[in-house]
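Two complexes are shown next, each including chain A; its partner changes from chain B in the first to chain C in the second.
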Partner chain A sequence: MVTTTAPPETIPAGRKRSPSPKGRNDRSRFLPWAFLAPGLVIYSVVVVYPMLYSAYLSLFRWDGVAPKKIFVGFQNYVTLLTRNEVFWVALKNNAIWLLAALLVPTSIGLGLALVLNSRFRGSHIFRSIFYFPAVLSLAVVGLIWTWIYHPDLGLANQLLDALGLKVLKRNWLSDPQIAIYPVILAATWNAVGLPMLLFLAGLQTIPPEMHEAAKVEGAGPIRRFLYVTFPLLRETTLIVLAITSINALKAYDIVYAMTNGGPANRTQLLSTWMYFLTYNYNEVGLGTAIAVVLFSLTLIFAIPYIRMMTRKV
Partner chain B sequence: MKSPIRQTLLTAIAFTGLSWPIVSASAQDAKPPVPSGNITVSFWGIATQPWQVMIDDFQKTYPNLKIKWTKYSTDEIKQAVRVASAAGKLSDGWFNWGGSLASPYEDGGHALELTPALIAQYGVDKNVVPAAVDLARHNGKLYGIPVWVRPMTIFYKKSLFDKFGIPEPKTFDDLEQACAKLKANGIIPFACGGKFSWMTMRTTDFLIEHFAGPALHDKLFAMEESYNSPAVIQAFTKLKEWVTKGYFNDGFISLDPNESLPLLFQDRAAMTFQGPWIEDQNIIPAHQDPNNYIPIVAPADQKPVRVSGFQEQIQFWSKSKPDQQKAALLFASFITTPEVAKKHVSEFGSPSAVVGVFPSADRPITTAMVKWLQSGVQLYLPTDQALPQEVVNAFFQAQDSMVLGSLTPEAACAQIQKAVEDYKASH
Partner chain C sequence: MSQVSTASSSAEPKRDLRKSASSRGRGKAHAPRVPSVKVTMFYVALIVAALIWLMPVITLVLTALKDAGDFAVNGAFSLPKSIRWANFSEAWQTGVGNYFWNSVIVTGIKVPIGILIEAMAAFALTHMHFKWANKVFVYVLVGLIVPMQMTLVPLTLLMNALNLIDTLTGLIILYIGFGVPFGVLVMRGYFRTLPTAIIEAARIDGCSWFRIFYRIALPLALPAVVSLCILDGVATWNEFILAQIFLRSDELRTLPLGLVQFSTQFSTQYDQLAAAVLISVAPVMLVFLLFQRYFVAGMGGAVK
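So, the complex of A and B:
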């Protein structure tokens, strides 16, 4: 067995010893963490800690103010699932909202993107017009649509009156059977802009040659969409669906602005019901238990989205 | 929750300030201490309330003291105070209502208790009318300095009543006849915005006062009597009857209170259940003649004569630094000094909780309300301040569900009573 011993490196006077390869490796290994540290600290303090603390609070009965919290274990979850009727109303509304959000604004967004992707005079203006509702805050959107739906003074009923469709007039936001749908419509008006923009960006990455080739092969516009455009938009579509789902589960302000969760809590979402229980009705334990449920539901959509995004990087 | 309700049974003669109890010599001599050095006091108040006029005057009088006013909406301030108290970082002073909206901070030790010594030192006993002080007390103790007293009642539009030859309702029957006549003439009797449930609650409270009477009503608030009582079921049944007869505007249950007022301004509705603040916040800004909107004592046909009402106060953080706490107390004491309150009454709003301060002549609505308060009308807390908030949730849900037809009056009352029992079992 031959062993070799490297002669000690001679360092000229006045020069510092350069780090060994091991030292360099250590440093480069920790460097990214050093850069990430400030962000991680802030994230931990303002996101991770409150999340964990919320989960902790969900195990107590507490009014949010009293110095003492009473430990009740998972009782708040049991109460939610077995005795809190509004929780189930809110969960159902969230499911309807999610389904509508996945189907309606995404389809309209895709349709608008396809139209606006073709170059025609004024296409930029139309892009801005269709994107405009997306820049409004949901509270403002809620205010606008609340007046549109006003039973006596609102545009919706007056328009139906003018068109001779009195039979279709409704108390849009006060009929407990339908109240959630007008709110979803208002949210849709606001939600179309983002998918449209993402699809437009996706469409512009498709090489024109692909369409040219399909055209030469005799494919019509529908076949070209089904076999060229749509498959090549797969990644964009997945991102749009993930973002839309997460936004749908996060929906809060528009319901708060338009109906305050009413009438009789029929338009509550998990997010709004969480707020009302926590801040209005002194049920911090129940409210934070909803927060945990909502967080778990959001993860179902967030995890695939995060994996997809990190895989790309 | 028991004692404050009874304490709301107040003789309004106290509002005059004429019957003011003799103030002890020590209280009269006591002067609020003025902290030295430059001090900034954090104060949380509602954005639509005119605090700035008082802050400016205070800072002019005490140049070393600054009030930093953080503005919130009505619901935001409730949230902000709750979160801050849980985090142990309240402002030095904050605006609050009373009853169950304030009691968690009082019971939790967050709000400073105004001891008899502090009450005397900051002039609360000589400056603020006893009625307002009594409304603010919780379990016999005071935790804030009342600034305003807000009675709530029925307003009618005089021009519409005159047009249809309807006399001012003096009794419950008169009121029902007025509703029937208005409805027959195509006018909505009541403009209501029930989106937050509390505007509908004002009518419910009035009906409970009418059918149950003051004694039972107070026992309900104290959770000593059952909401399954026949009188309460009668009140809920009457509310449902009024809804069915179309005595409220279409879809009122989801309308914002501010969205319902245009119906009154446009002569489509003739009455509303409101407080004196609509004079400054709605009627005058809409260029309506305030003399055309007449507040009447809601005719419950009961003795003593009462309407619902509440006080609004400034509370102080018990853990503020001593100088900040003194300055916050001084600010509240300053704005409740009769001279200051009188000077700013037209901008700061009425009815003031300060002795001898009356609305200006160009505020006929508030003037009328102060007058009938002075003539013996008493106040009871509205349900959303009288009951614990956990029960208020059930009350709102039951009331609105009944209005929408998904609960019978009996079932609605049973649901409220169940919430009362749950609350009592867990507290």
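So, the complex of A and C:
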């Protein structure tokens, strides 16, 4: 370990190993890589390499089986944009989903966090209750809500019956005009927990003196929220918005479990349509092209997030 | 790590309740506690909201306890005429038991291996004075945002070439790979809070990096390890899309996949299906109730 080339002052007499944290010799320069290797290798093989290869495949026409792939340049993207009607349906659904995810679960999460941040008897129980749906798998959430939307036996229509609102009864998941909204509502139920948790954590970092000071100055609860709490939650809010939008674009299982893209492809998302094209229609080129589009959309929301995560070094 | 949840007890309450709490304090400690109208209203509102919020779960439990006929006549949201536990055993025997054990195997193997390699990587990134640390971290973070769809086709080819399609081993390898970004993020967040002095001191005493990691850093990071265990365990238990693509035979299916399959096969047997869903949810519910504060701590670590 101790090499004669190392500067003598870094090797106090009698030491077996170099105490230098800077790693002046070959062995300690290599060591961090040894620690990183298992994680980096498996991550590169399973995530990074397939990602790049998908981007490459999106330039070919291929059925996934044939020995020859035909290079078509950006033709797959052109086909999607001009001749694939479902692609536009999926894109629109993704946009609706994203908008809903940015507004609804985030606001509910913030509201719950503000209420449950104060200490009162049972506040922890209520936190658990409102967080709970977030630990369920989206496939399970989808199944549970499918029953709620059952046309005859489901809670949704029974409730409307009980309230005397029969006119509003729908065949929720098989009406092509509206089917995506009940699915989004089910996803929202699952998506509230995380923002709530993050906002709660953010609220705890606000020193109580700030509120005391604002109160002494005569600020009411609303003004205190607008001028004290909310500005101090700025960073938390950005993280929440980034994470919810990334998660919204990843949505897949819940649609698969609830509608499987139907009726008549009206509830397809880019993620599910990619699956259909690739695995049901063997259009690997089109499928990977959709994946690239989906990833590019995600990047728009993720870049600020990644910059924020790496800035605090 | 747990400071997030413990801080709540010291954090000053700041809503209406506080007024009543502080006025209670002013009126001497031994004054009888009569809840004010405001407090009662507050609780009533919260309880109603919580009940509405849990309605889907309540419906699920009620359905699982009824027999099919009761469900068909009275629908989901009514108390069962008689409790029918047989739903659970029937669901278990129709395959859910099998799915359950597959999920246990996958989660039980994936989580410890994953955490070990994630902790090693995070340790190198935080304490080993490593020039490329930040670049490597960004490289790893990209994995947090990659949609699964972006990897499916090449992974299918790869798994095919390695003969790992339709094996739990193959699925576990994929899960470990996809778990790296989040695990490194959480562990790095915690390792950064460990004082460098401890590690430097061990270095000066001639301790090797492996020993420092194993004997000092990892034990000190126990709260983060527990948080990650739970978050990662739940995420693995719930994973759907990779299982859907890479498991083909029924006897290998994990729970989420098996349940969706079960629901298409037995689409009218709501009672059994609800029981099956409840079986899959039960372990997650249990872990959540027991280790709740670690969810907060782990998430906090991920964004710090």
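We adopt the following convention: the second predicted complex is superposed on the first by the 276 of 313 C-alpha atoms of A that agree within 3 Å, B and C clash if a C-alpha of one lies under 4 Å from a C-alpha of the other, contacts with A are read in each partner's own complex, and residues count from 1 in each chain.
One rule holds in what follows: a residue touches a chain if its C-beta (ideal position, glycine included) is under 8 Å from a C-beta of that chain, and two chains touch if they have at least 3 such contacts.
None of the values given here were measured: they were computed from a predicted structure.
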Mind checking chain B and chain C on superposed chain A, clash or fit? clash
Touch check for A:Ala95: first (chain B), second (chain C), both, or neither? neither
Looking at the overlay, what does A:Met309 touch: chain B (first), chain C (second), both, or neither? second
Return first, second, both or neither, reflecting whether A:Leu168 touches chain B, chain C, both chains, or no partner chain. neither
May I ask you to decide whether A:Ile148 touches chain B, chain C, both, or neither, giving the answer as first, second, both or neither? second
Quick check on the superposed pair: does A:Val65 touch chain B, chain C, both, or neither? Answer first, second, both or neither. first
Quick one: classify A:Val78 as touching chain B (first), chain C (second), both or neither. neither
Looking at A:Leu299 after the superposition, I want to know if it touches chain B, chain C, both of them or none. Which is it: first, second, both, neither? second
Looking at A:Tyr281 after the superposition, I want to know if it touches chain B, chain C, both of them or none. Which is it: first, second, both, neither? first
For the three-chain arrangement built by superposition, which of chain B and chain C touches the greater number of chain A residues? C
Would you mind checking which of 8-16, 44-52, 206-214 or 386-394 on chain B runs into chain C after superposing? 44-52
Overlapping contact positions on chain A, where the chain C interface meets the chain B interface: 64, 146-147, 150, 152-153, 279
In their shared complex, chain C is touched by residues of chain A numbered 15-17, 19, 21-23, 28, 31-33, 35-36, 38-40, 42-43, 45-51, 53-54, 57, 64, 114-115, 117-120, 122-124, 126, 128-133, 135-140, 142-148, 150, 152-155, 158, 189, 194, 197-198, 200-201, 203-204, 208, 211, 221, 224, 236, 239, 246, 249-250, 252-253, 256-257, 270-271, 274-275, 278-279, 284, 287-288, 290-292, 294-295, 298-299, 302, 305-306, 309-310, 312-313
In the complex with chain B, residue positions of chain A that touch it: 61, 63-67, 86, 146-147, 150-153, 171-176, 179, 259-260, 262-265, 276-277, 279-283
Chain C residues touching chain A in their complex are 4, 7-9, 11-15, 17-18, 21, 43, 46, 50, 53-57, 59-60, 63, 71-72, 75-77, 117-118, 120-121, 123-125, 128-130, 133-134, 136-156, 158, 173-174, 176-178, 180-181, 183-185, 200, 203-204, 206, 208-209, 213, 234, 237-241, 244-245, 255-257, 259-260, 263, 270, 273-274, 277, 280-281, 284-285, 288-289, 292, 295-296, 299-300, 303-304
What residues on chain B touch chain A, complex-wise? 75, 78-79, 82-83, 85-86, 104-105, 107-110, 194-197, 249-256, 259, 262-263, 268, 388-390, 392-393, 397, 400-401, 403-404, 406, 426
